[in-house]
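In structure tokens below, several structures.
The same subunit A turns up in both complexes below, where it pairs with subunit B and then with subunit C.
On to the complex of A and B.
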């Protein structure tokens, strides 16, 4: 272990850690994990939320009532605390953290999809398809989903930042990826001990998390502007 | 007897494509417990004991003021609403709402919506919307388009086939109206319900659409239920006319006769409200008062508070239909009422 806690240099642009590993290399490798997990968790949230929202919006009645109360319950808890509880019960591992974050976060998608379905199904083009004798499945797949896709995609991009923070946060607390896995949150946590001797150990993953989250938020904002109804002329031609 | 009347007479002997039998439709507002304690029942009777029949190949005009239940009646025909009382019959078979109708039953009735632009998916080009409406579209709707049929449909409504790739927002009101008619024709219906098909269009476009409608009817033998508040338009197209007031049909009969000799005071006042092109004629005579509140209908004849010929009898009893030739009219004083009111 000759390269322990070396300051940033030309050979190690972001320095090395307590075990002499190159921080930049670990960060680059860790981005695969952090981003990959975030995308998977967000996709799972999106799929569950959309399915629940479609069922609630289209079925109505007591099914809608029951599903929405479940959503309310989930939204009433602070997400990260609930995720902490679930991950704590399941035991520390990356898969469990993913599971916990996915279970916690689908409620807002369900809300959004349900309200979109409620307004869309009153639109006359949906009635027109129903009057042609088309099935509910046809109407849902061909008319409803394409028309609610835009706001859901925007929500997902905005949500991805939160998921990255969540994974990093839970990993920081020791519930997610276990060392030596190069996950950003885990790196942050293990660097904490050496914060006085080696500032780069916490700053590098911290800045990475910040820039990624910020980036996804800006992307989400732009998408929202782009996909808003007034601009819908452009999207279809893209 | 004109050719048109003869046509409608011989059509009446067949089983009508769609028939309403003593249909009533009430809308009840959702009320809290407190509202119910204070004000009691406030259900609005939008349609009240209406019977009508439509045959293929004929045009039934449906006229009346805004809010008199024309569109509600159309929705009962198409199955978007189900009646509280009475039956809807398709080819003599009793049917319910859309949910209970088979796809082929749904397809017997075509619809052209009041807000045409709203009735097309903004994300679909014209060919996709038309393909969706075609009969054999189950496989085609998987993403493909039946180009030949779409082409033929667009030609039949006098549109160029190039329109097929356009999106609804890229089309003018007149073009979209034609596309809507093409979509209604796509599944070969027996009757098309047209809800205010020309009301949002300029005069020139109105004329071409009306001619197109007449032409399409001649070629395809389809029946129309033509809803409009524009009596001139109805006079041009309709074989039979039903006049609606406060959710009831107050007079029904062959268009020509009804327009020349209105029997019901309400029909008469509607006709008088049309402004004349000749400055020497009397100015349009608007009807005084407002249509009744449907949650609190007047007793007796619903028109009596505004009727120039109303008597005490009208306020107490609901008149039954009186048949004068092939016109039926719901008034105690028909046709004497008209004579009385036109004297002053």
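On to the complex of A and C.
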């Protein structure tokens, strides 16, 4: 085999790996994977969490109580640990990691949406709509969702970074994408064997993950300042 | 402390603890694979057990009982301090945990110290000079810190400090020198989160009327900042540091793998790959319970530190 573990050069700007593959090419290819998956997982979290939060906030009573205790239970575990166990039980694969991260991560959305619904419920325009005899669905779709959209989108943007870290972390531990998939965490994990000969193998994917997550975090911070300065405290707490 | 509030919190905590135990049990209960077969194969040194032996074992161990019966039996064992035995080594799960727990606690405490040592001064410096170069540097540093995957930071530190500079050992446990790199790896991520909150909390406090009063009395700026402002800003900060336990436990898993430290994290990861479910169950339950209890303690501390917080108020 040729071109194994070559240091960064003009031909291979980020060097080559133990099989002579160009690291930059693999990273670029892997970005499609990491970004796509992160967006899917975050969307699933957002949809489940918003639905649960709306139901809990609107229904009240024992339904609210039961759903919120479920949320408390999920939030009682450090996210990655729970996702690790679920993904481990399902067996190592990228789909299982996505599933695990989606299942453990919707609780903070539910909490945010529920508390927004509770405060919106008392507002005049909602009361007015209800007095006009509008159905629950109408009130939810026309009056509640538009008003909770901004903080939820901000939370989701801030969440994507965490999801990317989660996916690459679980892949790093060997539960997510398997080699030769060019997933960033998987690449970092296979690079650690050659840490003495080829320092770029762990650092290139590491920098990639960091820059991507940093980008989403900056975007999330800006969106929060723009869209929902009032709720920024609440989002921070989650 | 308001008794009614305490009672309410205790009840909620009890429900959540029940939820945690149920979730832990269900997760393992629904795993594919037959525990009877796994245990017998192990006991017979890798030979495939006969169908009758499996059936018999299932009956004698109560694995055929309904879910609720099995859950109650497991729960009563757990409450008596019996978490079962590892599938592979016959070691009680509690022993395996007790062996590894001290290393994880050491790591958690050390990284907490690193985090506080970095974040509190950085947060104060930012808040005292908002908009200054120091502020921007600290804020950007915090953003980078939050965005950095700790498994990468670990290897980066190993490459630079161990392989190139040869200052610290690459991996393992032992003296203080083995603790430095893992603690810095885990602590810097935490520091990033805490410093942002110290900054926000300090900014809020510095706006308050009593700070203006203290300044107009002619008190020295240092006294205003450290005595009047910092003490009040610490209230939310304590909560956040408590909640950082989640970050520590998440991060410990990865950091222990990177530095090959035998702790709860490595125990969990190894058990997951070995499909040693009693260990997985035990560690998960322990982590959940620790987390719930800490949050409870943090809540109470929060109330103690700031008597203005309405104790009888709504929980959420």
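Things worth noting here:
Just so it is clear, the second predicted complex is superposed on the first by the 228 of 238 C-alpha atoms of A that agree within 3 Å, B and C clash if a C-alpha of one lies under 4 Å from a C-alpha of the other, contacts with A are read in each partner's own complex, and residues count from 1 in each chain.
Methods note: a residue touches a chain if its C-beta (ideal position, glycine included) is under 8 Å from a C-beta of that chain, and two chains touch if they have at least 3 such contacts.
Since this is a predicted model, take the numbers as computed values, not measurements.
Residue contacts after overlaying the shared chain place A:60 against neither subunit B nor subunit C. Touched residues of subunit A, counted separately for subunit B and subunit C, are more numerous for C. Within the superposed three-chain model, A:134 lies in touch with subunit B and out of touch with subunit C [touch as defined at top].
With both structures placed on the common chain, the touch criterion links A:86 to subunit C but leaves subunit B unconnected.
In the superposition on chain A, A:124 contacts subunit B only, with no contact to subunit C. By the touch criterion defined above, A:76 lies against subunit C but remains apart from subunit B after alignment on the C-alpha atoms of chain A. Contacts of A:161 after superposition on the shared chain: subunit C is touched, whereas subunit B is not.
Contacts of A:146 after superposition: subunit B is touched, whereas subunit C is not reached. By the document's definition of touching, of the two partners only subunit C reaches A:203; subunit B does not.
Comparing the two interfaces of subunit A, the one with subunit B and the one with subunit C have residues 236 in common.
Residues 123-125, 127-134, 138, 142-143, 146-147, 232-233, 236 of subunit A touch subunit B in their complex. Considering their complex, residues 78-80, 98, 101-107, 109, 111, 113, 115, 118-123, 132-133, 141, 167, 169, 183, 187 of subunit B touch subunit A. Interface of subunit A with subunit C (complex): residues 68-70, 72-74, 76-82, 84-86, 88-89, 111, 114-115, 161, 165, 168-169, 172-175, 185, 188, 192, 195-196, 199, 202-203, 205-207, 209-211, 213-214, 217-218, 221, 236.
Residue ranges on subunit C touching subunit A, taken from their complex, read 12, 15-16, 19-20, 22-23, 27-28, 30-31, 143-144, 146-149, 151-153, 155-156, 158-159, 163, 197, 200, 245-247, 249-250, 253-254, 257, 268-269, 272-273, 280, 284, 287-288, 291-292, 295, 316.
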